[in-house]
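Order as written gives the chain letters A, B, C and D; numbering starts at 1 within each chain.
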Amino acid sequence: MIDSTLKRALESKRFVVTAECGPPKSADRTVIEKKAQLLKDWVDAANVTDNQTAVTRMSSLAACAILKSLGLDPVFQITCRDRNRIALQSDILGAYALGIRNVLCLTGDHQSFGNHPQAKGVFDLDSVHLIETVRRMRDEGKFLSGDELTGERPAMFIGAVENPFAPPYEFRALRLKKKVEAGAQFIQTQIVYNIQRFREFMARVGDLGLLDKVYILAGVSPIKTPGAARYMRDNVPGLDVPNEIVERMEAAGKGIEDKKARAEAWRQEGITICVEIIQQLKEIEGVSGVHIMAIEWEEAVPEIVRRAGLR
Amino acid sequence: MIVADQKPIEEILQMLEPYKRVLLLGCQSCVAVCMAGGEKEVGLLASAVRLARTSQGRPIEITEGVVKRQCDDEFNDLWRETIEQQEAVLSLACGVGVNKLSERFDLPILPALNTKFFGEVERQGIWTEVCAGCGNCILHMTGGICPIARCAKNLLNGPCGGVRADGTCEVSRNGPRPCAWVLIYERLGKLNQRKNMEQLFAAKDWSSDRHGGPRRRIREDMLL
Amino acid sequence: MSAHAEPKIVAFCCHYCAFAAADLAGVLRLKYPPNVHIIRLPCTGKLDALYVLKAFEAGADGVIVAGCLEGSCHFISGNIRAKKRVLAIKNLLPKLGIAPERLEFFNLSSAQGDRFAQIAREMVERVRALGSFHPAEEEDSHDRRGSEAHRRDLTDAGAL
Amino acid sequence: MKACERQALDFTQTERIFSLEVGAVVLATGFEPYDARVVGEYGFGRFANVLTGPQFERLLSASGPTMGKVVRPSDSQPPKKIAFIQCVGSRDLRHQSYCSAVCCMYATKEAIVAKEHDHQIEPTIFYIDLRAYGKGFESLVKRAREEHGVRYICSMVSQVTEIPETKNLLIRYRDESGALREEEFDLVVLAVGMRPSAKGQELARKLGLELNEHGFIKTSVFDPVRSTRAGVFVTGACTGPKDIPETVIQASAAAAAVGALLAPARGTRTQTKHYPEESVPDGAPRIGVFVCHCGSNIAGVVDVKAVAEYAKTLPGVVHAENVLYTCSQDNLKHMKEIIREKKLNRVVVASCTPRNLAALFQDTIREAGLNKFLFEMVNIREQCSWVHADQPERATEKAKRLVRMGVAKARQLKPLAVQSVRIAPAALVIGGGLSGMVAALTLADSGFETHLVERRAELGTDLLGILRTPEGEDVQHLRARLLDAVRTHPKIRVYTSTTVQEISGFVGNFSSVLKGPWGEERIQHGVVIVATEAYERKPSAYLYGEDPRVLTQRELLRYLETGEGEQPRRSLVMIQCVGRDEKRPYCSRICCGEALKNALALLEQDPSRQIYVLYREMISYGFLEDLYRRAREGGVVFIRYDERTPPVVQRANDHLAVTVRDARLRQEVLIQADLVVLSTGVEPDPYNEEISRLLKVPLDAHGFFVEAHIKLRPVDFASHGIFLCGGSHAPGTISELIAKAQAAAGRAAIVLAKGELEAGGVVATVDQEKCTACLTCLRECPFGAVFINAQGLAEIEAVKCQGCGICAADCPAKAIQLGQFEDAQELSMIEELFRERVSAL
């Protein structure tokens, strides 16, 4: 039996909300605690990123333990970049022991994007291998090497990610199928801005009969400034930001002289766009909820959840 | 072939700083083909070093030579008597040659090249890494395109989410490269073997790679 | 610059265009300084990058490489190859303590006698301004010329 | 007598008459410039600053009286405004009625060169019709206008008067707006035309040759190099005014015609030159150095004695002397004696440019038993004495250095073997039109097996639809004669509906696969002639295709021959230069001639017809000018239009309304026409793309083939053994195409007649020991001369190698050396050049 608040929320067929909680580039636990307070009443579970974009931060395992102690249901994100299969399995055992019940298996960003491009990337396993490893530890009581896992097993609620907006588009649903077969039980997708392409992806996932085998949370993210919109459209591979959204952000600030007021106008427009996207995502068959990634803007989550009528 | 690149001239000059009599020894196999360490490059590098040292007012005496292959003692031994008169040898072979000479002769053996990868000739003047020598080939499953050498994260269940709209890999420190798994996807499509990509590739046994420790290959029947 | 320190320039000229243009400059009795010495190649495509470095090593103050106009090389692509090789060396020269302006590639047709004379004058002025990059060599000191190529040549000629 | 050291003067010599027994005579007596004095109104001979074109050419020349400086004869001051007056003595019944064909272009060239010499000169060209009809001519005129600022004024100059004080000249003419104007110029150049040379005419009469009505030697349209007397061939300007490319083509054609006539006697009178057994030089180099005075050309500046003395001190030199003229006959004899006497195994000649006399000296040392590559030539004239005349001592120092370099290279020279390769004595002719048939017949008559390949089902389709030549000759009769001759000639094999699948091999040994409905066949041949034609372009303007009353010139011909088709009742308008725009700017050369021929034929049928010809420039060059005059006399109305305001054709109930702006009268003219005929020019055969790919020969921007050199090798491709003719090289009249086809056949016959080809010498060779088979040479060779041999290493086909050395310079293993330019040889020259002290004895 998997004792996960997130899992129970999803099983209740309610429209679930999860959010991303970025750990600090320091040992200051209060940063995590403040973010926890912010998200506590508004989300079913909170993801903690694992050295996102290969930039060194407080470990995801530690931050999740702090969230757990504050009564939040953490989602422990774990990548294959920094650890080999020995360390990955040992962290799964440790996390479970600390009461963490959700794990998100990712391949992870390449070290050349982070602040240590000289580092040696591990990539002993990829995300699919990791999903299967956690499932076998939980269901078969076996390590990846086949050794017996005697004693308490890590009964984790296993999650994975998928990016419907990166080529080859027709293969993306099939790749999701591989992850489900490996043991993925819930999926948090890349940020959705191109609704049409996401609909096509969900239709193909439906055709493969996966909708009743896995919960899918659509990723969303409010945009702070037109600059950020342009940057994401032009420089972030695998992210599809339609021009209308960039134009709306640019239009929002037009004619406002005062810098602060203009920044506020942009933020409001960013949140409005995010809420509109959430409304449309609600109508797509198979979307069980949203995963709000308000990077370094956790304060926006409550307002988004409220205006989208999710609480 | 083994593909190598010449070190920047400043770095080479620095290495040669303490020496006045040096042998530049090239190699006629892989590094000649990839235009890094053949007889021509030995001539050019020797001339460049002499010019630099002359303009610094500290002339250097350079002997130029080249061997068929620097990974065999017998070839290197042909230059024993000249080597013994030098203060150092600057080898223009791949790293293997530098090691071989260092094991054989007790004077400093300096690497003029940065040895890089097993490569194909994409076209004249461009060499591309396509094999990582992992010791356990799966090319029959991936339509002949190697994800270990050509995917930045050597994924076995690619592609990851970091593929640009034009099909190139997000990791482009060494210039834009097509995503290996997109290539495999298209290739398997042509060969009607796309099924291979749909089933799960098991985790790789890295012990056949250098992760299992430096490797040797032994043909018992050929031992003398 | 004392008299004997007149800059010396070698000009690698292709038989069909630059060498012919130099001949035409003669026919037209144009004037250019005698510092420029022409070495005839069948095509600038025959110019080995080694020749340029060896020229500087031997004591050249400037090197001219002159081939046909692009598109009219008698051997179709010789001048294009040569231009690339010269560019590669020009990038290397500053790292060896040699001013890249001492080396230049020119395109000209066999009918441009005046252009050849102008190139010769221009390069002599340019190199004179740069002075000699060899430390002032008083006499023909052998050690300054330590290069083994020099020794090989003397042995051939039976002088050693 | 006493002055000449060589006692070369012998005043006792008298005229000697002797006779030669020959099989054929070729007359090339050329032309004389028309005497401008006869054209009194332009004041030549009376006004100092009025020159003729040839005189101005001399003024521009660097070896001319003013060393190329443009100055006025009256006060030697540089002129600013120069006027060129065209058609002086030509197109003028009082002098010569024909057009001299070359003056428009030589005036344009002279204007451009004048501007290059002195950029503040402002040239103006007064012309009647700007006849830029040759290959690349219109782009030269365009550059003249746009880049060089040459001003062109379409106006007859009625008179030139001189202003006594300044000796400037006043020209009276009608300007763009039609007003009569007088403009002052510093210099006037009269573009005089060509007259047949008087002595040439006299010789022609002596040989019993007929002259045409203009005094040029009469030839037949269908055999432009044959005179009226069998065995006597004629070529060049003595048969009519023509420019250099046409002259060179006719010369080759005449040679080809003679070659065909005398084929049975080929080789009977020639002796092959025998050289003594080559002594293989062993041991140390024994070099002979010959330093030339070249009269005063070298010795006037360089101290040749000192250079010779210095040469004696150089390692390896066993003999050195200075010679008054090294290239003189007696010195060549002297050199051979010295070579034998002192057992020289290397020779260095320090004189002029190797580009002129290297071959002569190499032949000389061969006669003395030395391999001809054991020779080095040092240029101390054009590249030393002539350019450093103002600094004799430094020139001498430089000469010494150059000699030292030459001797250093000589020390490293090696004998190079030259072997001969047998040639397959057959030719492949691609294209069975007029040119293909003529080329095949000329080659076959010269005794060579010829394969004539035509992709269409029939030969000579380009001649279909042409009834007569402008001169009135029956073209269909010619076609029938050619078809019969080609079909029955024992040496010609015809392949119709056949294409060339693949051509491999090289000059002397091509191997091609021909493919047709009858299957495939592989043939061996030594040469290739590309003879594809140009075809009438289908227009898309002036309602063509929408209204049956709008035809092309060829379609009008069908009416003239068969009477069917549209009836040109009363009035008919011809429009020239249809479809000639930026994409297709070239002049197709033959349309004006065709239009005039058709107009005269229509008038002949019904003199009451009213014919209008709307033109940009009337290109009736040469003797076609008579047609133009007869058409005007016959009542044809010629209206010049500006290319920026072309005519407009609209339907108007029972006729076609043609409106055009007359550039001369500067007003709109409306013509009601029953029929509109379009001269659309020609375009190259689209099959040329395929031929270009097969033979790797270049096409220009408009799809015509690019020859090796427009003037010097007009019917050769750059790659050896491949020749071209036909409309796909450049459009031409029937007699021009015939001459070009004969010329191409003549050039090809040279290769076949030799029977063998020299290979080796200055070629690259791969040292099999060093080669790492990196394939760089194979990829870089522009001539595909490198292949991978059985051992998997690179090897170079000596016959295909052109000796450029690209491969040798880039080979990473230093495995390739180019004969006569080996690295050791070049590096030794570099080393010697910078050896410091010039040890003056």
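Here is the rule we go by: contacts are C-beta pairs under 8 Å (C-beta built on N, C-alpha and C of every residue); 3 or more make two chains touch, one makes a residue touch a chain.
Keep in mind that this is a model prediction, so the values were computed, not measured.
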Pair joined by more contacting C-beta pairs (A-B or C-D): C-D
I'd like to verify one number: the distance from the centre of subunit A to the centre of subunit D, where each centre is the average of its C-alpha atoms, in whole angstrom. 76
Could you give the separation in Å between the centres of subunit A and subunit B, each centre being the mean of its C-alpha atoms? 40
Separation of subunit B from subunit C, taking each centre as the mean of its C-alpha atoms, in whole Å: 36
Contacts with two or more other chains, residues of subunit C listed in rising order: 48-50, 54
By the touch definition above, subunit B meets two or more other chains at residues 40, 43
Which parts of subunit A, given as residue numbers and ranges, touch two or more other chains? none
Which chains are in touch, pair by pair? A-B, B-C, B-D, C-D
State the interface residues of subunit D toward subunit B in the complex, per the touch definition above. 770, 772-776, 779-780, 811-814
Quick one: which bits of subunit C touch subunit B in the complex? Just the residue numbers, please. 48-50, 53-54, 56-57, 92, 95-98, 133-135, 143-144, 146-148
Touching subunit C in the complex: which residues of subunit B? 8-10, 40, 43-44, 47-48, 50-52, 54-57, 59-64
Would you pull the subunit B residues touching subunit D in the complex into a rising list? 28-29, 32-33, 35, 38-41, 43, 121, 124
Subunit C to subunit D touching residues, read off their complex: 6, 8, 10, 15, 19-20, 22-34, 37-43, 45-51, 54-55, 58-60, 74-78, 81, 85, 113, 117, 137, 139-140, 149-150, 153, 156-159
